[in-house]
């Protein structure tokens, strides 16, 4: 009897899809239930940020950077204004640095809450954990609204500091949030981290070894989940990170569970950082005076920060004018997609969405 | 703090094996010729040598007469970073050797540079447009691109 | 056995009514045979309407409850508390265009929703709803009652396969293949759960099963209850086994290409399944309509069904879903093993009872059943502790993370 011939089938996980975290297309080739090949196709959200930056002045570009990783605007702003300050040698007052660090750590918590919520949504838990994570994220967005009037695309930072000081009610709400949040994280952990179905679906799935993670240029929680202890806040401290104590959580084997757990622990560390900043902050100015049109001297520089998704860097070349000559973004989500093919081949269809969810990509950053 | 290795120090370290590859060096970066970038990067990545295991970013800038491609390298084990630059010989058909077989991180970034700047990378396994659609005419990040 | 009516209408009473009507019109000789047929049609009409209305209200209840679990209200726009929401949904679905893909296999495509709905409705024929010790089921107390149910639910797998195949759509076929494999695998644990009930009841008829529950079978064989509930949840493809219609993964699985009234029928069948399953489990394990006498048996039956439906809903809204190979592993390894063990345990206890003379007219005495209950609960708890700790914990043990030697943040200049 002749053997039955099977052939692999190519399916398009198209741009519109309930769970690809944005307009992201994956052409997957299946052999039965197993993934044989993966080809990511993106660019649906490309808006030409780098080209637009060449015709806007340095303060206007802050609004462009908000919209790249639209989930974590504060980090984008911080990376950009630090590059401009490095290029033009602008000093930032201390109070502004403390407020920047508080905002960025709050933003990190918000971004990780969103990542965790959506990972669990992809696991099939019918949006219930997602709604709980978003309920806490709403409190953080309310704090941001007190700071700068917007919730998502914040444009809070300027070269030279932050744009306005935090109002009085911000500090009391922040203190309430800091005291409530560890209990909330404990509750979330008790529901999710020991749930056997979550463990069965995430442990050992989508492995990324440390050598491969480093070779692929991956940064952020994904690199740390592969047991590489590398965080720019400690390796190359900026702002006031050298004055606060915090740990860098790492994972043991680079699977999906580790990536989820590292994000959970990072949220706890962020709370520690914020409470130390609240103690250490002193009154003072929040912005140094800069001319309306900043004209950095001719030169180039690269500077990066540790954003929630990874190392977010700006490489800026200035020709002495009011707009940069070249403003290149090192987008972490874009580069984190490099090992996608190796991480996905050999796994089943049900794992595909989960591995993609654990990578926590934001299409605004991938496509710029 | 991450130690910034100046271009002169880097060129001194690879002088013994690849002295003829270095075109220029100053305190910010080291310039290498486009045909030898692969050799230089392989030497720099060597785990027993300088151990630049992590390619942070590849950027490309359009200076009107030539293109410049900048490689930001980091050594995680020694916590230091350096910058290597390549100047193409002109504006027509710029070509550089690809380093995607040395660091896999270069894969998507070189495709983006081809897509937006039009610099071809020899030896890249899959040099297709990545952010714009197939069949787009032109390379938008170039200074002479009219939208 | 007394023929007390199950509720105010029953098959027998309707048959008598129709016979009288026909005789009234003087057609007794020619059409006398049709009294049974007319009675059957009327009862079926009643059952179908009641089931469809219950399903409609069940969808409303589910959406409100899941909303509450998710810190939000459910539908509250149509009518007070959103009670008219199911009617709004049905109206919308009826008014939608009923598309059939060009390349689809039209007869298979059209028949699949009907093939999914009919068995679910047919299960209600043999459910004994009435007062305790009645011998009335809804329509007909078949003496192969439970076997009829098992046979009829097997048609579900064919229907899901037809739905996917008829759509000629890659996503749909993938979903329905997985669905067919899963549904077939879970029929065995379902049968094993039922077999342990049969050992104690001695008959396949549903009313006999209710009657033999002097102590409710959930107390006597908790492991069998667990096996049967897990298997039925999978048979209905509800979370955590709803991989085949995983909305966040592949569009919508086997019902991707359905729209309009066909989709409404598929949707109806999918939401009727928990109600029907709750009815079956109530009969088999919760003593049917037994209860204290201050409420009629039918109300007790409804209360027990409600508790089970709430349990299914609760599980659906909280747990994530399992992967398809884990679902199959669960069926063939865990549930199969537990089911066999349960049958063995109950059989051994029954034999001991016969040896020691604790039986009365073929079934066990209440006292012995209570002893069995105690023993079985202890065995079940020990079995679950062993499974959870020694099988589960070993697999999911995580070592302490050690930093990789490939990176060292402390090096470098200062």
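In order of appearance the chains are A, B and C, and numbering begins at 1 in each one.
To be clear about the criterion, a contact is a pair of C-beta atoms (placed from the backbone, for glycine too) under 8 Å apart; a residue touches a chain by one contact, two chains touch by 3 or more.
Bear in mind the structure is a predicted one, so any value in this text is a computation, not a measurement.
**Q** When you check each chain against chain A and chain C, which touch both of them?
**A** Of all the chains present, those in contact with both chain A and chain C are B.
**Q** Which chain is in the middle, if each chain's centre is the mean of its C-alpha atoms?
**A** A
**Q** Which chain is most remote from chain C in terms of Cα centres?
**A** B
**Q** Any idea how many Å lie between the Cα centroids of chain A and chain C?
**A** Here the centre of chain C sits 44 Å away from the centre of chain A.
**Q** List the centre-to-centre spacing of chain B and chain C in whole Å, with centres computed as mean CA coordinates.
**A** 63
**Q** Find the geometric centre of each of chain A and chain B from their Cα atoms only, then give the gap between the two centres in Å, rounded to an integer.
**A** For chain A versus chain B, the centre distance works out to 26 Å.
**Q** Identify all positions of chain B at which a residue touches two or more other chains, and write them in rising order.
**A** 1-2, 53, 76, 79
**Q** Multi-chain contacts only, two chains or more: what residues does chain C have there?
**A** 406-407, 409, 412
**Q** Quick check: what residues of chain A touch more than one other chain, meaning two or more?
**A** Each of 214, 228, 230, 235 in chain A touches at least two other chains.
**Q** Show which residues of chain C lie in contact with chain A when the two form their complex.
**A** 66, 69-72, 170-171, 174, 178, 239-240, 242-243, 246-251, 316-326, 388, 392, 395-396, 398-404, 406-407, 409, 412
**Q** For chain B, which residues are in contact with chain A within the complex?
**A** Residue positions touching the partner: 1-2, 28, 53-57, 59-62, 70, 72, 76, 79, 83, 103-109, 112, 116, 129-133, 140-141.
**Q** Would you tell me which residues of chain A are touching chain B in their complex?
**A** Spelled out, the residues of chain A in touch with chain B are 42-43, 46, 48, 50-51, 212, 214-218, 228, 230, 235-237, 300, 302, 304, 311, 313, 315, 317, 325-326, 328, 330, 334-335, 337-339, 367-368.
**Q** Which residues, counting only chain C, touch chain B once they are in their complex?
**A** Per the stated touch rule, the residues are 405-414.
**Q** Using the touch definition up top, name the residues of chain A that touch chain C in the complex.
**A** 9, 11, 13, 17-19, 33, 120-128, 131-132, 135, 195-201, 203, 210-211, 214, 226-231, 234-235, 248, 250-252, 257-258, 348-351, 353
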